[in-house]
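Below, subunit A partners subunit B and then partners subunit C, in two separate complexes.
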Partner chain A sequence: MSAVAIIGTGQTRHASRRDDVSQPELVREAAEAALADAAVGPDEVDAVLLANMELFEGRALPELWAGAGAFAAGKPCMKVATGGTSGTSGCIAAFHQVAAGLFDLVLVVGFEKHSEGHSQTGMALTDPFWDRAVASGALGNFALSISQYVAERGATAEQAALVAVKARRNAARNPHAHLRMGDLTVEEVLSSRMLADPVRLLDMCPQSDGACAIVVASAAAARRRSRRPAWVLAAETRHEQPYIGDIDRRLVTMRTLRDAARVAYRRAGIGDPLTDLDVAEIYEPVSYAELAWYEALGFCADGDAGRLVEEGVTGMEGELPVNPSGGVLSSNPVGASGVIRVAEAALQIHGRGGERQVEGARLALATGYGVYAWADAVVLGAEAGAT
Partner chain B sequence: MIVEGRVQIPFRYAAGAAASRFGAALRDERRILGARCTGCDRVLCPPGPFCGSCGGAAGAAVEVGPGATLLAWTELPDRGAFALVRLDGADGALAHRLVDVPEPRVGMRLRARFAPERGGDIRDIEGFGAEGIER
Partner chain C sequence: MRAGDRPAVAIAGVGQAGPVAADSRSIPEMVLAAVEEALADAAIGFDGVEAVVTASVDLFDGLTASNVAITEVVGAVMRPETRIAGDGLCAAIHGACELRAGACETVLAVAHGKASMAPHWALTEWAMDPVFLQPLGIDFLVCAGLQACALAQGDGGATERWAELAARRAAAGDAAIAPPRSAAEILASPVLASPLRRGMAAPLGDGACAVVLRAAAGGPGEAPVRIAGAGWDLEPHSPGERDLARWHGLERACARAGLDRTDPGLELAEPSCLFAHEEELFRAAAGIGEEAPLSPGGGLFAGTAPHVAGLSRLIACARAIRDGAARRALAHGAWGPAGQAHAVAVLEAW
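And now, the complex of A and B:
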């Protein structure tokens, strides 16, 4: 496989409602920003990849009518729709296209305008036989898994609240973030409304309107056009079996993310992720998920995640800052969220993270999480790896 | 400008062989039928068409439940309590509602509550109640 790099990123301001723009205009906002960042003209883009969960907006064929926002007309263009992993998997698909030698420059745009549809209805349109009538929906299903995780690993509500506070305080330094709550406290999280025991309102990600784009380049194009490309050292995706009840203690075992990360680390030459990685942007839809992901991603031993957040190991000044952007807990335009993870990781390698920059970041992890059905792991580095 | 409206989506989905058998037994006999995986011998309930573990097909019917064990639960203030329960004789867990379980705890015994009027799908089980508490 040939070397591939990210040479530009761009994103919108994420908010609960972006009534000021249509969906194609929202897509254009991110696409133009990424192309400008990469100094690539729209006509130079060889192919376009879109990521979006169209049921959330209730409008079919987003690639057709929103594709114009991404300058897709006349170009190869396709869409990835795998829940929360849509964005990371969209990026991975573009990496594969470029690595295969098909294209030199691919534009990836993930977007969602939750305010325009009814996401709960979209999520309810799952398995018609076993889910629709008797299951508790995305949040309830997650809460079931959290109850097993808490019982087995001893994670506490206070530790989860620390994750929620870290995310929103980090978001206060990110001009694109939706929930920027620099003064949020653990007490406020613990006293917020219960949504699905033990998950409270401030433990949960918001629903956002927003878009994010990256420009993926072949090695030759990256070296010609970019002073500091973010090289793709590994990109792994894993799918899970279809029924939640058949997955053994989902958050405890988390085999999709565990497997994806293990292989990605091996490909990227990472031995100990906590010390080797400089920064991570992980897809945490709920505060408790971030704790479970620390363990699945090998940042600590099983059962030790709470200590990591208590000791600030994953804070901005810690050994491995996790989600300097504020993460999914602070901005969640679903189709864009995975692209945001990859773009934020690339931004750190580019050294252009502004107030949220982790100084000297040279090795970054981005992950995706799609319902319980998918997990992605992407490793970016300042130096091209052996290929 | 904002354009507003509402769409309704009619649907009719074929359940497949094992789920159809499950629905018919539930409706006509108040029995819960899982299926034995032809690949790894696991008893699947709910019986989807294929085994999630090995990809084998749903084979012979195996009666499971109505007794069950609570594996995980949550409560949504506006929608009630939900759970993962392991039906006696099944290998996986079923996602369903808890009814009449004042103090849920993991590991407790439950029993399926059948709906008086049954139409041949998962709603023919109203939910799972604490074993020994009858209505």
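And now, the complex of A and C:
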């Protein structure tokens, strides 16, 4: 793939309700911020890619209406919708359209306004014969697969609670985050309401209203316009069986993320991700998932994820800070969540992370997670790779 | 999308299920039939597919991330899949982008739609601006009526002309969904959205399309058709913000595809016209006169599944080029109210 970079990022304030804005206005808020960050005018944008899970709001083809918020009128515009990976896959689609030589500047905006719909109903529209009655929506299917993961790998509720605390404390340094809980304790997580064993309220991501945007540039445009582009070194997607019963030990193996990361590391020249990567923004919809992802992403051996979080290896001062932004556990506008991962990873390379900046970050990982077990892995670097 | 130092994109295989008024099979069964035909046409198996791009719309399928229903039958398990929520031609165009980007060498592009499951036009109301338009009961059909009104203004013979055109197109098709009718019968058919009558609209049904795209180093190889250009565009949403008498978005999409407005080399055009009057909008925007054959097989008037239309037009163009009926052809897809969004691909013999 010819060189492509991210030269600007922007996002809204994420909250449980953004009654102050419509969907196009929410999109505009993120789009304007990203364009301002990249010093790119709306008229200079060649094309727009949107990411959104329209059925969560009970709508169809929302880009037709909300596209104007992303300055898309009169421009080429497509929308990617693949559940939780919509945002990361939307970014990857933009990388490919730029690398194909079609465009120099593409604006990607992911958005979701959960408060205008009913997400559980949206997620319950899974296969009507097999999945709907068994494990519809996020919670039911997480409870099943987490139980299996805990039984096999020995992860504890305390270790999961440490992940939840890390996320919300990190979020306190992120002005955009929805759940900013700087004083949250493990005890509070462990005593929060049980939702579906073993998942408690504070183990789970919120549902947020929010949008996030990035500006993707060709190599020539990136060098001309940005002092420190975040170069795309690798971008991989893997989809998986739709029926949860068909996937062998889904969360335990997470073979999609494992394979996407393996290939992405190879393309980006990463040998040992824990030491080579400077920061990671991973899509962890539930505390236990972050532990499972550490293993799938090769940050540690299988069964060793709990130790990483106990020893603070993935904390802000650790060897590999994971989710300085607070992650999906702190902000989750689904269509935007993947774009947020990529934008936060780029922000770290840009050196513009403010209070959540990881000092000297030069190599960053962003991942996406969607549907039951779909995965994206994106590696960004301060230097263009030898693509 | 123009030629350059990047790989050329060949159409290596095509497959289609339907369109029929109501397919008794499930969506995955229908899609599998199209995919198997396309793979056989390309002489590859599922293991020959490196990446997949699908197109579908959740609300129309009644399924969140509705590509979950077809992950297995498009061969996307443990492979990259991108899903575009829009017209099927976008799947092929984005697949071509992946090939030109060098991300892979073989892409399967798939689109499906099943209009028999629900009243399609009623669902399109949920794609309209929910603040200013949806509360008025405006859907894509109403917008098509408004557009036809704009065209018919000061044009006394418009409805008769559209009735004759619709009759001609329907007669050229294989009447898979609706039997052909005369212009007089069409003018006497029930009003859909004034001045449009039922016979002036393409019949909607169920169908799926699949296309195998392959990166080619620069020679014709085993595939006789290549994608020489592509472009797409989104117009402002509200009909009030647009000149309804023109498809400006299609003009821009054609320009991006490298088409001159009076391209003398086009020997075939396959537009996605769901209504007879849209053919006049298409001709004006794409600069196509009477000399180039347009929808010789009846176009969408032979029946179409919503949002599969554009990919079915690409297949029609590819087949015509393979058969030697044309050397250069324009495939078109449209979605949104009154042609808010357009995509085009220029196909050439190789």
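Here is the rule we go by: the second predicted complex is superposed on the first by the 382 of 387 C-alpha atoms of A that agree within 3 Å, B and C clash if a C-alpha of one lies under 4 Å from a C-alpha of the other, contacts with A are read in each partner's own complex, and residues count from 1 in each chain.
By definition in this document, contacts are C-beta pairs under 8 Å (C-beta built on N, C-alpha and C of every residue); 3 or more make two chains touch, one makes a residue touch a chain.
Values in this document were obtained by computation on a predicted structure and should not be read as measured data.
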* Touching A:Ala81 in the superposition: subunit B (first), subunit C (second), both, neither? -> second
* Please indicate which partner A:Ser331 is in contact with in the superposed arrangement: first for subunit B, second for subunit C, both, or neither. => neither
* Who does A:Leu195 touch here: subunit B (first), subunit C (second), both, or neither? -> first
* To do: Compare subunit B and subunit C by how many residues of subunit A each one touches, and report the one with more.
  => C
* Asked: Once the shared chain is lined up, is A:Glu236 touching subunit B (first), subunit C (second), both, or neither of them?
  -> second
* With the two complexes superposed on chain A, say which partner A:Met123 touches: subunit B (first), subunit C (second), both, or neither. => second
* After lining up the shared chain so the two structures overlap, which partner does A:Ala73 touch, if you call subunit B first and subunit C second: first, second, both or neither? -> second
* To do: Have a look at where A:Ser226 lands relative to subunit B and subunit C in the superposition and call it first, second, both or neither.
  => neither
* Should A:Gly58 be classified as contacting the first partner (subunit B), the second (subunit C), both, or neither? -> both
* Footprint overlap on subunit A, where subunit B in one structure and subunit C in the other make contact -> 58, 125, 241-242
* Structure fact -> Listed in rising order, the residues of subunit A that touch subunit B in the complex are 19, 58, 125, 128-131, 133-136, 139-141, 143-148, 151, 194-198, 241-247
* Asked: So in the complex, which bits of subunit A are touching subunit C?
  -> 1-2, 22, 48, 53-56, 58-65, 67-68, 72-83, 89, 92-93, 95-97, 99-102, 122-123, 125-127, 236-242, 255-256, 259, 370-371
* Touching residues on subunit C, where the partner in the complex is subunit A -> 1, 4, 6, 52, 57-60, 62-65, 67-69, 71-72, 76-86, 90, 94, 96-103, 123-124, 126-131, 231-237, 249, 252-253, 256, 335-337, 340-341
* To do: Under the touch definition given earlier, write down the residues of subunit B that touch subunit A in their complex.
  => 2, 7, 9, 11, 13, 15, 19, 44, 46, 48, 52-53, 71-77, 79, 82-84, 92-97, 106, 121-123, 125, 127
